[in-house]
Structure formats: C-alpha cells, structure tokens
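Take a look at these structures.
Two complexes follow with chain A in common, the first pairing it with chain B and the second with chain C.
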Partner chain A sequence: MIDPIFLLEAAVNGILLSGVLALLALGLNLIFGVVDIVWIAYVDLVMVCMYLVYFLVMIYGWPLWLAGLASVALGALLGLGVHLLIITPILGSAPVNQLLATGGLLFFLQSFATFLWTTDHRTVRLALPILEVGGMFLSFVRLIAFAISLLAMIGLWVFLRRTYIGTAIRAVSQDREAMALMGADPQRVYLVTSAVGGAMAGVAGALLIIQYSVHPFFGAAFGPLTFMICVLGGLGNMVGAFVASVVMSEIISIGGVVISTEMGYVIAFVVFIVMMFVRPGGLLVRRG
Partner chain B sequence: MRPGRVVGAALLAVLALGPVLPMGGMRQYVLHVLIQIFVWSFIGGAWSLMGRFGLVSLGHGAFLGLGAYTVTLLWNAYGLTPWLGGVVAAALTSVLALVVAYPCSRFQVVGHYFALVTLAVGEVVRLLIIAERNWTGGSLGLSLRASPHDSVLAMQFADKRVFYYASLVLWLAGLWIWYRVDRSMARAAMEAIGEDETAAASVGIHVTRFKMGITMLSASLTAVGGVAYAQYITYVNPDTLAGIGVSLRIVFAVVLGGMYSLLGPTVGTALTIALGEYLRVVFGLRLIGMAETIYGLLLILFIIFLPAGIYGSLRDVVAGLARPARLASGLR
Partner chain C sequence: MLELRGVTAGYGHFTALWDVTLRVEAGEAVAVVGPNGSGKTTLMRVISGLVAARTGELVFEGNSLAGRKAHEVVRHGIAHVPEGRRIFPRLSVGDNLRMGAFQPRARQAFAESRARVYDLFPVLRERERQPAGSLSGGEQQMLALGRALMSRPKLILLDEPSMGLAPVLVLRLFELIRRVREEGYTILVVEQNVRQVLKLVDRAYLLEVGRIRMEGRAAALSEQDFVRKAYVGL
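Right, the complex of A and B next:
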C-alpha cells in the first residue's frame, strides 16, 4: 500500500505541472481555433526556446528573467516565421497536407537540434529551496512556474477580452467565414494569433527549462499530451483548458506514482479518446 | 498495349530478375533497400485505403506495432508459426481498428479530431509496449528467436533473395487489393461518404458499414506489413514500429507520392527511403542529425510545392504535354 502522503504529494505536483501544460494548450488552442491548423511541431518550438534560455543563462550568464523575456520574444518570432513560411502557402491545401507540413517541421527541428546541440540532456539548475509542508516535499521552482503560468494565462485573457485585435481573434475563432465579410484582414489576424501563440510557447519554454532537462526529443514527450489537452479543453475555452490540464496532469502524476510513468500516460490518453466520444465539449457541434 | 503497360511490364521484369542482375558487391545492399521499399510501400498503400477517403489516420503505427509484436511474442513464447501468428495479428488489429473507428463514426469524430484520436491510439500502443517491459523488452526492443536453420514454418531465411521475392509478391498483392477496392462499389460509396455523409446515407449507403470495412481492411493489411517487417529485420522496437514518428513517416511517404493513384504510395515510399539512404551514405557518422534535418526540410518543401504528390503532379504534367500533341494530330 502506498503511503497517502505520497499520493497527496503526487496530486499537488500534478496541479503544479498543470499550469504550464494549460499555458501550452491555450497557445495551441488559440492557433487551432483561429487558423484551423494543428501545429504538430508546437512543442518543438518550446524545445527551441528552452535551449535559448539554457544557453543565455548557463553560457552567457544572463539573469534568468531577462533570458525568459528573450525566450518569449523568440517564441513570438518563431510563431510569425512558421505562419509566414509554412502555413501561408498551404492555407488552402487539404487538411492532411497542413498536418504534414508542420509534421515536417517537427522532423526538421528535432534533427537540427540533434545536429547543433547533440542529444545531451541539459538543465538550468536553480539554487532554490525545497519546501516541506506537512511531510510533503514541494519544489519551490514548481510553485513559481505555476504562479507565472497563471499570470501569463490572465495576461492572455486580458489581451483577448480587452483589446481590439483580441476581440477580432475571438470573433474569428467563433466564425471564420464572417471575418472577410466584416472587412477584417485575415492575414493580420493570423499573424497576431501566431505570434501570441508562439509567445506562449516562449513563456512555457522558460518555465519548463527550470524544472526539466531539455533534449532534442522533448517535443515528442510533451507534444501529444498538449494536443489532447488543447482539444479536451474546447476551442477558445480558457477555463476548459485549465480543467482539462489539471485532469490530465493528475492522471499522469498519480498514475505515475501508483503504477508507472508510462501507464499514467496510457490512462490519460485512453481517457482522452473516451472523452472525445462521450463529451466532445461542443467542438464537434461547431464543426457540424 | 498502351505505353504505360509496356513500361510497367518491363519494370516488373527487371524487378523479377533483380537478384540475378550483376551488381557486384552492392547486391546485398540493393536487395535490402528494395525489400524495405516493397514492405513500406505495401504499408503505405494500406494507409492510403483510408486516407484517400478523408479518414486521415495518424495512428497506423498502432496497427503496425500490434501486428509485429503479436507475431514476435507468439513465436518467442509459444513457438507459434508466423503464418498463424500473422492471422492472429491481423484479427487483433481489426478488432482494435473497430473499437476505435466505430465510436469515431458513431460520434462524428472527423478531420483533425479523427487524426488526433488515432494519434492517441498510436501513442497508447507504444507506451503499453514500453510499460510491459517484462515480456515486451520495453524500449530496448525484442529480437525474434532465431530458428536453427532456414525454415518456411518459422518464416526465417538466411538468404535475402527469399525475402526479396516474398516482399515483391506482398507488394504486388497490396497493389491488387488497392486496385480491387478502387474498382469496387466501396470506392463510389466511400467517395460519396467523404463528400457528404448525410447525403450519402440518404441515398441508401450504409455509411458505418463501409467506413468500418475500409478501416479494418487498412488496419489488418498494415499489421501484415508489420509482420513482414519483423520477420525480415528479426527485431522489433516500440519507437520504430509504433507511436507518432512511424505513423507520420507512413503518411508522409504516401502524401509525397500521391494518395489517389495506384502507384503513388510506392513512388513516395521509394523516394523517401532512397533519400534517407542517400543522406545516410553521404553523411555517415559525421554531422549527426544533418541527414534527418535535410529530410525534414525537403518534406516541408514538397508539401508546399507539390500538394498533389510527386506521382500525381508528374501525371498532370504528362497529361498536359500529351493533350496538345493529340489536339495537333487531330487537326491534321
């Protein structure tokens, strides 16, 4: 029998992990909702941002907060680049081609990272204390990462609700056809969306590098999970994304302690598949 | 005979004579590459049976892995011949396909959502293989227990030429099945379903039955491909046979070639494998990752500039050239 304190610790860690995952799912969700393309390589952009923070902090001695800001900027640039170079030419293509083009980007980023930086695992070590709360050991780093994720999500919410372009983005994700009728410039909306989505990847990259080590196949580890949370949450639904993220991270975290890491993921993926059938979250209704 | 048929017959003759053509020291290597092309073309063809009707699956790795592991485990643990193991594998895969595809059809999970559900299925199979490491070998993979001598029953042969002819026959069988489906009622029905499911149902097409039939056929053929691959390589690994990576590679090859034509999957597979081998030979152990980087870059460029696939685009060009010529002769 497993000591309940371990389960509690796993549950708390699950919640802490869910913050970053929700952030990633929201970034992907934003792009999927507006441009209607799943960026298969989204988490690989996060991987690139993680490397940036690693090199800036460990090699060039930048302070972490500055490297984090650089990571956000790089993420936004990557988002713009992906949209301009890859997505724009294939906007009218068959869905399978759209999936594959970003799939090609996944292969490209993974192997180019292998080429440049080898398959070594790298991490930014922070000399922050481990908190002991009622017999549980909680990492202070994860608490900070969770708090910043929440702040970033609130920032995204304010952007989408309180700014003109944010309102346009929400309108487009609700009804794509109406965009041209309303005289909005689709390319501008797409570009802003991709940049914001990329910036979310940058924030997540900075938060992940202080908790996990980065390697070229980081995207493969977190990618499928991110797609699933993104879809489970429901398009454009921020609360939904957070709830989905908590559910999935809890399954993975507790399942990992009780059975094994892989089985935790297996259960989470099976839950995703079943949920797609029994509770498509209104997504499929929208698509008709 | 149309010129296309003559070229086809000549190509087939060359392929049939493949193992006896003079190739010097390169023979083993060339045969190895050709066997891979045949097997993966067969798998790509199996995928395109679904893909061409809008059922874009990113989870064919699940069927491939399930097929390969079923046969390998049954042979290693119980000494069950791969001939029977293959039947079991195809049956199991059909069941898995049905379990996933039926609710997808029932609850209208289509498009990107279908792709993501199947992607999850592929990952589930990969992770289960890794998690059950006590008897599957986990991420280290599993070697096929070697038979003491060449054996038809064990489907193991020291001579590559046997595998060459076996995979050639497998490939031709795959083309034949593809052709039969293409000429059948099922194709017309599936095209109608792909266009508009409700309209198809309203004219009396059994939407679910056709979708399930095509899906199970595609899945079980993919499992057979997995069996062939496992028997030839005699080693199975969760990362090369299941999960998102291999699933994407299958789809890439097919889309690259063109999924709406008989030879499209073969052309795409042959090109991606040839490209992969070429880059591997060029870079060798230097510049690790460079070969794959170029591969990924070329894939993006191909998707952007040749959306109909190489074979499809080539055919359009040839048709475009032929048409004015015919017009000119008609005028004379």
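Right, the complex of A and C next:
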C-alpha cells in the first residue's frame, strides 16, 4: 500500500504540472477559436522559445526574468510570422491543407533545430530549494512556474474580457462574418490573436525550460498532450481546456506514482480515447 | 443615396442576381420582396460587401462601393442587420452594443449612441449584463437592430427582420422599425411578410429568380392583382 502522503504529493505535483499545460492549451485554443486553424507546430514554437531562454541565460548571462520577457516577445513575433507567412496564403483552402502546412512547419522547426543546435538536451539550472511541506517534497521552481502560468492566464482572461480588441476577438470566434459587418477587419483580428497566442507560447517556453531540458523533439513530447487537452476540453472552449489540463495532469501524476511514470501516460491516453466516445464534444459541452 | 446599376452576383458557378438596378433616396424606406431563393439575401450581402458583385456599379452617396470589403462598407454609413440576427450569443448585451460601435468614428460617439439605443429599446438596458443568447427572439432582433444603430449608419439594411418571430411580435417589430425610421434613418428591407412590409415602406421592388420584375410605390404595388395573389395572400 502506498503512503497517502505520496498520493497527496503526486496530486499537488499534478496541479503544478497543469499550469503550464493549461497555458499551452489556452494559447492553441485561442487561435483555433478565432482563426479556425489548428497550429500543429504550436509546441515547436515553444521549443524555439526555450532555446532562446537557454542561450540568453547560459551563454550570454542574461538574468532569467529578462530572458523570459524576450521569450514572450519572440513568441509573439513567431505567432505573427506563422500567420502572415503560412496561414494567410491558405486561409480559404481546405482544412487538410492547413493541417499539412502547419504540420510541415513542425518538421521544418524540428530539423532546423537539430541542424543548428544538435540533438543535445539542454537545461537551465536554477539553484532553487526543494520545499518540505508537511512531509511532502515540492519543487520551488515548479511552484513559481505554476504561479506565473496562473498570472498569465488571468492576464489573458482580463485581456479577452475587459479590452475592446479582446472582446472583438471573442466576438469573431462566435460569428466571424457578423464582426466584419461591425467594421472589424478580420485579418487584423487574426493578427492580434496570433500574436497573443504566440506570446502564450513564449511564456510557456520560459516556464518549461526551468523544469525540463529542451531538445529538437520537445514538441513531440508535449504536443500530443496539448492537443489531447484541447480536444478533451472541447476545441475553442477556454474553460474546458483549463479543466481538461487539470484532469490530465492529475491522471499522469497520480498514475505515475501509483504504477509507473509510463503507465501514467498510458492511462491518460486511454481515458482520452474513452472520453472521445462518451463525450465527443468535450468535457464541458458548451451551451447555446 | 444608394444606387445599384446592372449588378450581377453569385456564388461559384451559380448566379443569384441578374442585372439588378435599384435606387434608394435619403430618408426613404424601400422594400425588396419576393419568394424564397429569389436572391434577396444575396442582394443585401452584395451591398454590404460580404459578396462581391461580378459586374455592375454600386454607388453610395457618390462613392463607389465596388470591390469594398464588408468592414470598409460599414465605415461609409451602411449597417447590415443580417438574416437570422447573428448577434454574439456568448457576449453580454452591453458587449454586443460595444462591438456595434467598433469602427473609430462610431467608437467616439459610443455613450451617446448607446443612450439613444436604450431609449428606443428599453428592454436592452434592463438586460445589459445578460448573455445575448439568453434573450427571447424578439429581444434578439431588437439587439441586432440596436447593434446596427451603434455604427451610426445613414442607411440600414434589414434582412428578414420578422423571421422566426410570433405574429404578435412581428407587429411590434414593425412598429419599432417605423420608430427607427422616424429617427431619420434610411431603410432598405427585405421581407417575406409582404403585407406588413408594404404598409411600412414608401416603395418596393419585386425580385424573382434574381431579376427585378416590378417596381413601384408600396400602395400601388399591393393593389396589383399579381402581387396580391402571389404574396399578400388576399
């Protein structure tokens, strides 16, 4: 029998993991909800941002917070670039072409990263303590990453709820054509959305590099998980994505402690497949 | 104010409008009536820039609208209330109105426009914080109208405003449209409810399979045997 303290520790770690995953899922969901295109290469953009933070901190000696801000800026620029160079030319074409194009970007980024930076795993080491709370051992780095993820999500929420352009972004995701009739240039709204979605990838990149090592195939490790969370939450549904990321992280984390790390992922994917049959519209099927 | 000359438009290989010529003077209310599938909605979409005309001229207050996208047309002072209302269901009533004033010129006058809309449709003020999707059909149509007024238009295009409303509400809605008209807006309305709409407008066009078949003063048109039998149901 497993000591309940380990289960509790796993549950807390699951919550901490869910922060960054939710951030990724929200960024991807935001873009899908508005532009109606799934960026297959989304987590590979995160990978590029992770390399940026790595080089800025470990080679050029920038302070981590500054490198993090640079990562957010790079993410936003990458988002704009992806939209202008890859999405805009194929906006009206068949969905399969859009998948192929962003999928092609994924292979390009993987190969490009391998070519430039080899397949070495690189990490930003932080000399931060492990906290002991009531017999549980919690990583301070993960706590910080979780707190910043939450802040970024609250920031996104405020942006979408309180600002004019944020409200317009939500309006476009509900009725693109009606918003054009209000005088909003859809292309401009797409650009803002892609930049914001890219910036979320930048935040995630800065938070991931202090917890995991980066390598050219990082996207292959976190990408499927991110898509799974988006689909489980209901594509385009922000609250659903958040709930789904908590559910998935808990399964992975607790399953990993009770059985084995690999089995944690196996169970998570099985739950996903079963849920696709039970609730194909997502965990929280949106009303109206 | 608005003039269409020889406008042809369609989707792909399908042509929905053939050589349509139509005119709306400032301060007028004009209806386009006709059976389902006659091209009425396409006509509205061509004027507001959602569908590009293949040939012909579109002139609004001396400016050509040819080749203009929808988000540019609204800046010229044309507001399109689309078929099926198309409000933003998960945005609050207040946010729907905010979005109506998206273009810069309208945004500056936001508070004033909103006060006017709330005076016309007091129920929208009461429901300001509610999601628009929770409104009744009639209230949603008011919101769609109010949202269009927020862009400070000169010409309002109404596409099937009575669609999906109970008969009692249809009468009330036409009363509201009449009030909007009295505020000085020019109106071009497409309707299936021919009898009601002919009471509202000054002139009307009859559209059939994409062509203008008849044009005239509303009163005269509703007297004609052909229109009466086919559309008014008398």
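Before moving on, here are some points about what is shown:
Just so we're on the same page, the second predicted complex is superposed on the first by the 274 of 288 C-alpha atoms of A that agree within 3 Å, B and C clash if a C-alpha of one lies under 4 Å from a C-alpha of the other, contacts with A are read in each partner's own complex, and residues count from 1 in each chain.
The rule we apply is simple: contacts are C-beta pairs under 8 Å (C-beta built on N, C-alpha and C of every residue); 3 or more make two chains touch, one makes a residue touch a chain.
Fair warning: this is a prediction, and the values are worked out from it, not measured in the lab.
Bringing the complexes onto one copy of chain A puts chain B beside chain C with no clash. Look at A:T114: by the touch rule set out above, it reaches chain B but stays clear of chain C. After overlaying the two complexes on the shared chain, residue contacts for A:G103 are found with chain B alone; chain C is out of touch.
In the superposed pair of complexes, A:L181 makes contact with chain C only, with no contact to chain B.
Of the two partners chain B and chain C, more chain A residues are in touch with B. In the superposition on chain A, contact of A:P224 is made with chain B only, not with chain C.
Touch criterion met: A:R170 reaches chain C, while chain B stays clear of it. On the chain A superposition, the C-alpha centres give an angle at chain A of 90° between chain B and chain C, rounded to a multiple of 10. Within the superposed three-chain model, A:I90 lies in touch with chain B and out of touch with chain C [touch as defined at top].
Legend: residue contacts after superposition of the two complexes on their common chain; A:F272 is shown touching chain B, with no touch to chain C.
Superposition on the common chain A brings chain B within a closest Cα-Cα distance of 16 Å of chain C. Comparing the two interfaces of chain A, the one with chain B and the one with chain C have no residue in common. Residues of chain B touching chain A in their complex: 51, 56, 58, 100, 103-104, 106-113, 115-117, 119-121, 123-124, 127-128, 130-131, 244-245, 248, 251-252, 255, 287-293, 295-297, 299-300, 303-304, 307.
Taken in their complex, chain A has these residues touching chain C: 164, 167-168, 170-171, 174-175, 177-186, 288.
Chain contact summary for the complex, chain C toward chain A: residues 48, 50, 69-71, 74-75, 79-80, 82, 86-91, 95, 98-100, 102-103, 106-107, 131, 133-134, 147, 151. The residues of chain A lying in touch with chain B in their complex are 32, 36, 38, 40, 86, 89-90, 93-97, 99-101, 103-116, 118, 216, 220, 223-224, 227-228, 231, 260, 262-263, 265-266, 269-270, 272-273, 276-278, 280, 283-284, 287.
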